[in-house]
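Both complexes shown next keep subunit A, but they swap its partner, so subunit B is in the first and subunit C is in the second.
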Partner chain A sequence: MSTVATPASGRKPEVQKEDAMWLQKELINRNYAELARARAENRKVSATFVPGNLNELLMCFDFARSLPETNALQNGMRKKSGKFIMDAEREGQSEDVCTYVKADLGMMQGGEVGPTGEPLPRPDVLLLSYTGCFTFMKWFELIRHKYGCETVMLHVPYQGEGRIAPNMRDYVVRQLKESVIPTLERISGVKFDIDRLREYMKESAKAEEDLVAVLQSAKNRPSPIDGYFGAVYYIGPIFTAFRGTPEATQYYRQLRGEIEERVRLGKGPVTPDGEMGEERYRLIVEGPPNWTSFRDFWKMFYDEGAVVVSSTYAKVGGLYDFGFRHDPDHPLESLAEYCLGCYTNLNLPSRVDMICRYIEEYQADGLLINSIKSCNSFSAGQLLILREVEKRTGKPAAFIETDLVDPRYFSAANVKNRLESYFQMVRQKRGAAVGAH
Partner chain B sequence: MQQIVGRCQALFEDLDFGAVKAWKAAEPGRKAIGYMPVYVPRELVHAAGMLPVGILGGGDQLEVIQGDAYYQSYICRIPRSTIELGLTGRLDCLDGMLFPSICDVIRNLSGMWQLMFKDKYVRYFDVPQNYQDEVGGRFYVEELEVLRRDLGELRGAPIGDDELNASIAVYNENRRAIRELYAYRAARPWQAPTSEVYLVLRAGMVLPPEEHTRLVRDYLAATDAVSRPMRDNARIVINGSFCEQPPLSLIKSIELSGCYIVDDDFMLVTRWLLDDVPEDGKPLEELSRAFLHRSASTAAKYDARREDKGQFLLRQVKGAAAEGVVFAAPSFCDPALLERPMLQDVLAKHGVPYTAFKYAENTGQMAPIREQSGTFADSIKLWSAA
Partner chain C sequence: MRCFIGIDLGSTTTKAVVLDEQQNVIGRGITNSRSNYDTAAAIAKQEALVNGRFHLFRQALAQTGALNGQLEGFLAQLERDFRAEQYLEQLDDLAVTCQRSLASAKFGDDAKVVGEALDEVFRRIAAEAPALFAPGARRKSDFFRDIAGSQYLAAGEAVAKELGIRYDYLLNVFDRSIIEVENRVYAGSIRRHLLAALERTFEAMPGTAGRRTQVEAPVKGILDTEMEETYVVGTGYGRARLPFSKEHVRSEILCHGLGAHVMYPQTATVLDIGGQDTKAIQVDPTGIVESFQMNDRCAAGCGRYLGYIADEMNMGLHELGPLAMKSTKTVRINSTCTVFAGAELRDRLALGDKREDIMAGLHRSIILRAMSILARSGGIRNEFTFTGGVAKNEAAVKALKELVFENYGEMTLNIDPDSIYTGALGGATFAWRAVVEEGKTAEARA
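This part shows the complex of A and B:
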């Protein structure tokens, strides 16, 4: 899973955006440019995953920072992933496995040209933060196997009991001290300075505060944002190479200002086709979006006046809305807690609790699950989530199936049909509720 | 011999776990703890006086009806048939379930179990992917400690070190017997066909380990006493079947197609620790050291160095004098399928031939698999004759 969307290059000019969205695009593109220049500037390059992304730590060693999931989704949005996936399958990858992995491997095979058309350097180090999904481990093993990149493992235990036990946190901290930090020092040639880390973490916490305010603005009626399709833009900088930078802090401050203004004016979200019309449905969405048909997918919602008021996907790279902030006073412990708390590192009962809480707090009409065919981490168990949530909240839930970046698995007609019958179900439920009063 | 294999076959087919029920009924207060395949420290369960029971899905005997409503079509079979076993009351004889750290499906299944079977003890059993004693080891000992405490509470008395050491000895003996069985099969595969060896191993999922050790040795003695015809088969290692098990007919088909299976990764829990665990030390630390430094490699484990990838499989190939590898993985199994290209690459570099296919625990159509492994066996024989 992952985050960070920028609109496809060369996209139609009429697409509407808030100012902060342009700033976001600029940030993301700037990171690609930095990566493209890294070799010429003699900079070392790291790659790591979005959940459990230790950006503050990587910055302490001056690494240029690449995120393969983000590359995959960017390539998906730019319609390049289909070919990469097939290339990887021709090289022996199974059709059954995560398409992010194949999109990434295919891109490397194809000469390592990044989504923006600039070259993406081969990483000097793969920081294998084993959070969120098992596939991460195999993914970086595959890259290491093929390209010989040095890999350092950060094993993050799963919250099987629905909480972070001290032993889990200590284990992550020990790995940071004994293995991750010394490896990063050696590869970068930069000595670790914990005060530098603290400074970055202070910045992170500021941005996190503003991000939470933005996401929670959806509690208003109408919601000024879309907490799924819109949120993928909002979470871009903070879940990737920018958390901890002053640019990210500034971005979130500006974004928050814009959104607060929208609340004041009673406005709904901005969509690629402009301001959304009347808010007719408020939904919670579980599961990542489809990237290859992202705009068509979103359109199916806003055309009907459906706004996603909150989504679990907007929490994949860190769950801030229940209070977690990076803590400069306890830097390593706080990094450990951050990794342990990512959404897909939560067990199923915690995921159900979270969704029920969202339905209540955001006064949503129901839950929609977008089940991703090649992502077991999200998908295995979602049918039970659906039932549990329906049972506990009495709100209707529905299920659609797509893929992340494999265009072969997006059937617009099927998705649209499902959505239409879901909206009908919501209306019926409402009617019934009114009748009961 | 027929009698032993027949008994194992009956245990294998009994999806109602009659053997577990009988064991529990023999003494009041006995408890049984289920676990999914791959690795869990069964020593702890045994030390608590409980029966560890391996749950390996429903095979091709179980019709999955309710379980299908819990899983989309693009998820492997084993969690759905395991849920089916649970929902149809077949696992009521278990007092708890352990879900080992294998993959995202099992992770989530542990949470589903918590939601669906609220009155049962459920634990996701995490294992370290960092193999330093002071880092992963400390985490692991602590995890073992939690399990030991939980099981102690479940039985109403804490588990002592001496009890644990005694259980370590029991499992050492069981692993020794299984090593003998594997060594025997590698040396004389016509005498110990894998379709039988597999059933003998499976019996260990429901029998107490002491009894299973005897059974393995009885089988060895019995099969050695009858001489069976030796064929000109290709010697192969099976890889990728460490979780969802292939149907027995698939194993038979591979053998019938002209292959001797001389090593495999079926029911890896029985062979996970590669040698004896000291029986007189601090038990949890000894178990931890064995896990970190002397355990089998599967796709569920991180290889700390690139050079390590595939070495375990290569050693299996060399150790059993195999001529090729058959990759047989469950459909939709991320760990096995993502691992496979790396293993294939290592094999190719070492000139070891291989072939690959997927199966499901309920695959019924064996003709294509038989044909593929037959062609593979023929090509091996052709090359070795050349």
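This part shows the complex of A and C:
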């Protein structure tokens, strides 16, 4: 597998990435290539969402797997989303709604060419696993309206009480058995084999174990990783079309090795400009990143010596650090629990608990919330989270506003101003705390 | 003497504050930041240091008792004379620069007569200068561009008419010259101007001339005292332009928080409404910022909103507050968006609402927006300090008082007359702390 680690062609020399980051990029690109070939190879195509997705299950039916959110963010990073969003707005989409949706719809209008420039096939089935975002439903409704393709919905109950009750899990399992699996069988023409699912899940659990080790390596000082900007690369394979594949398992094994070596050498994270200098601030970040100005945004942090030791976004597809692993012995139940436990399905008190726990366990200086202008789902309650975390931990928190993939909503001067103020505030508070002792 | 300086490079004005070793504010300076941030910073600092010299004159002259009873009058006259000297020097520079611009202008045969017109215009403006700096004279602005500009336009129009030349030739020359002049710092001539002004003051106040020696000695002593820039801290939107290392730069959030704390040590919540942004800051009892919120990239409801409304109504910015205070009826303006508010304003006028009532509604809508930002930062806690340019507007203050009372009950509301200098004061305090408390020395630019 060592050849896999070779940097992808077309690499810009000035951008620095860890080896595993190059490998991740190659995996993601490989999936786009697979999607591009799907029609020629007579493969059926599924589209589904990232949070709590059922990748292992979809693989059981040989689907090529497309994830519209990932497509949108990839287009954002490649500076293509601005035009797509404008195109979608011209077609009647509102200015204020989720820009992932508009980037996706705009991309379709533009001839269904994916982020890598290869064709993106229209899906045969839309698997809508509803995990906390109501917009998801409307999004797939729009796609279904456009393509007339089948939609199968998995309703995942919200963790309103802050826990997964047995009847919630049973409810999801029953839907899987009675509705999702039969529909996928019918569309794909492949008979469901639970042992195949178990095999994938074994791989998933291995990768999950290594991912957790990687993310928790940030408890070291200095942190060898950035748990937000760096972690978005790390979570790429596991939250998309690769969880359950040997490639993902291999990827996370290699990544863990690299990171453990960094810990041994006492090194900080790798940034696009090389090794990060002195670690001056350790932060927890809540909310997705801005993809269109990703590198500029990250630079505002590492230029100041700010490393994100943990983020809620790195758990958006699924939450493993508090013990969940896919369980081959109880495959459907475990899929259900996975869906139920992803970050977007947690209620506000659970999110607050999680952040407070991160602040303590990762010895963070404070919390930063990146509120997404066009995300109604994530943004609701964020100021309450901020206030509550401040109250409970006594650590400073701050709030910035950007967007997912709409370049019009990223105001660099404004964001930088607030970030600098925040970093200085952290420093000042730290100084005061030392003085008081 | 050691001086600690804070410079706040705002989007419209640049402010500087000088502290002495005992942390007393000894000088404040302000200039417009329109054309060039580097010059604006240099000038604001220079103005604050000049202001600092006056502070020291006052101290020294008060000690000697040489001007007993006439001290304030004397210093006021001295300052006016000094401003006049400064103004005349810059005016000369402008005259020379205009002639130079004329030489490169393509006015053809008209160039000669335009040159003569320029001479006449500047002769008239110079003749009017003393009146501009006479006791009790009212100036619309203290910035050279504004004063000289309005004088030039008025004199230019008259001269153009008299000589039968095109007025726009004169405008053209002025436009091509003013930025160049505005961006020059006349640091070398301050001492000379002060000494010249002193002579003028003795002339203007003959009663004091008899005590010339007692007055001159301390003034010259202070002029000979070096005001050492021990440590400078910069803040504001233009802070990245300052020729400082990172260590000398602080965000305006921290500077406003600390500045407000220095002015009012009991301050818990600070609201700053500036030209382009609104900040709500919570500070702890030692002046450390606990949390803050700002407007997002949209500057709705900031000072610029009032500027826009003033333009729409064809009024001066400073006239809006007084007009709104005449209101007798509440008109609700829903929009804090600058553009929408313009539409709403015209709509309301068309409906027959009175201008003062609409103005009151507009001020209230700005404060409503600020209330939301305050709520996000954690609400208003006693004591509450309001800073920034909008704090000078009585109608905004009235709306704020009402809304704070409605939402939070009785609170102490502090508004310092020098609130525009809050950020610079915070910066100067950081500079003072860095040296006096932390033993730091100034760092070169990184």
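Definition applied: the second predicted complex is superposed on the first by the 425 of 437 C-alpha atoms of A that agree within 3 Å, B and C clash if a C-alpha of one lies under 4 Å from a C-alpha of the other, contacts with A are read in each partner's own complex, and residues count from 1 in each chain.
In this section, a contact is a pair of C-beta atoms (placed from the backbone, for glycine too) under 8 Å apart; a residue touches a chain by one contact, two chains touch by 3 or more.
Every value quoted in this text rests on a predicted model; they were computed, and no experiment measured them.
> Could you tell me if A:413 is touching subunit B, subunit C, both of them or neither one (first, second, both, neither)?
In the superposition, A:413 touches subunit C alone.
> Tell me which partner A:137 touches in the superposition: subunit B (first), subunit C (second), both or neither.
Only subunit B is touched by A:137; subunit C is not.
> One more residue to check, A:362. First (subunit B), second (subunit C), both or neither?
In the superposition, A:362 contacts neither subunit B nor subunit C.
> Which partner, subunit B or subunit C, touches the larger number of subunit A residues?
The partner with more contacted residues on subunit A is B.
> Once chain A of both complexes is superposed, is A:383 in touch with subunit B (first), subunit C (second), both, or neither?
In the superposed model, A:383 contacts both subunit B and subunit C.
> After superposition on the shared chain, which partner residues are touched by A:92: those of subunit B (first), subunit C (second), both, or neither?
A:92 sits against subunit B, while subunit C stays out of touch.
> Is A:396 in contact with subunit B, with subunit C, with both, or with neither (first, second, both, neither)?
The second partner, subunit C, only.
> Considering only touches as defined above, state whether A:148 meets subunit B (first), subunit C (second), both or neither.
Once the two structures are laid over each other on A, A:148 reaches subunit B alone.
> Counting only touches as set out at the top, which of subunit B and subunit C does A:425 meet: first, second, both, neither?
A:425 sits against subunit C, while subunit B stays out of touch.
> Mind sorting out which residues of subunit A both subunit B and subunit C touch, each in its own complex?
373, 383, 401
> Under the touch definition given earlier, write down the residues of subunit A that touch subunit C in their complex.
Those in contact with subunit C are residues 373, 383, 387, 390, 396-399, 401, 409, 411, 413-414, 417-418, 420-421, 424-425, 428-429, 432.
> What does subunit C use to touch subunit A in their complex?
Interface residues on the subunit C side: 237, 250-254, 284, 286, 288-294, 296-297, 376, 378.
> Can you list the residues on subunit B that touch subunit A in the complex?
69-72, 74-75, 79, 99, 101-105, 107-112, 114-116, 123-126, 128-130, 132, 134-136, 138-139, 142-143, 146, 299-300, 302-304, 306, 309, 331-335, 337-342, 344-345, 358
> Enumerate the contact residues on subunit A facing subunit B in the complex.
Interface residues on the subunit A side: 91-94, 96-98, 101, 128, 130, 133-135, 137-139, 141-142, 144-145, 148, 151, 153, 155, 157-158, 160-161, 165, 167-168, 170-171, 174-175, 178-179, 344, 347-352, 371, 373-374, 376-377, 379-384, 388, 401.
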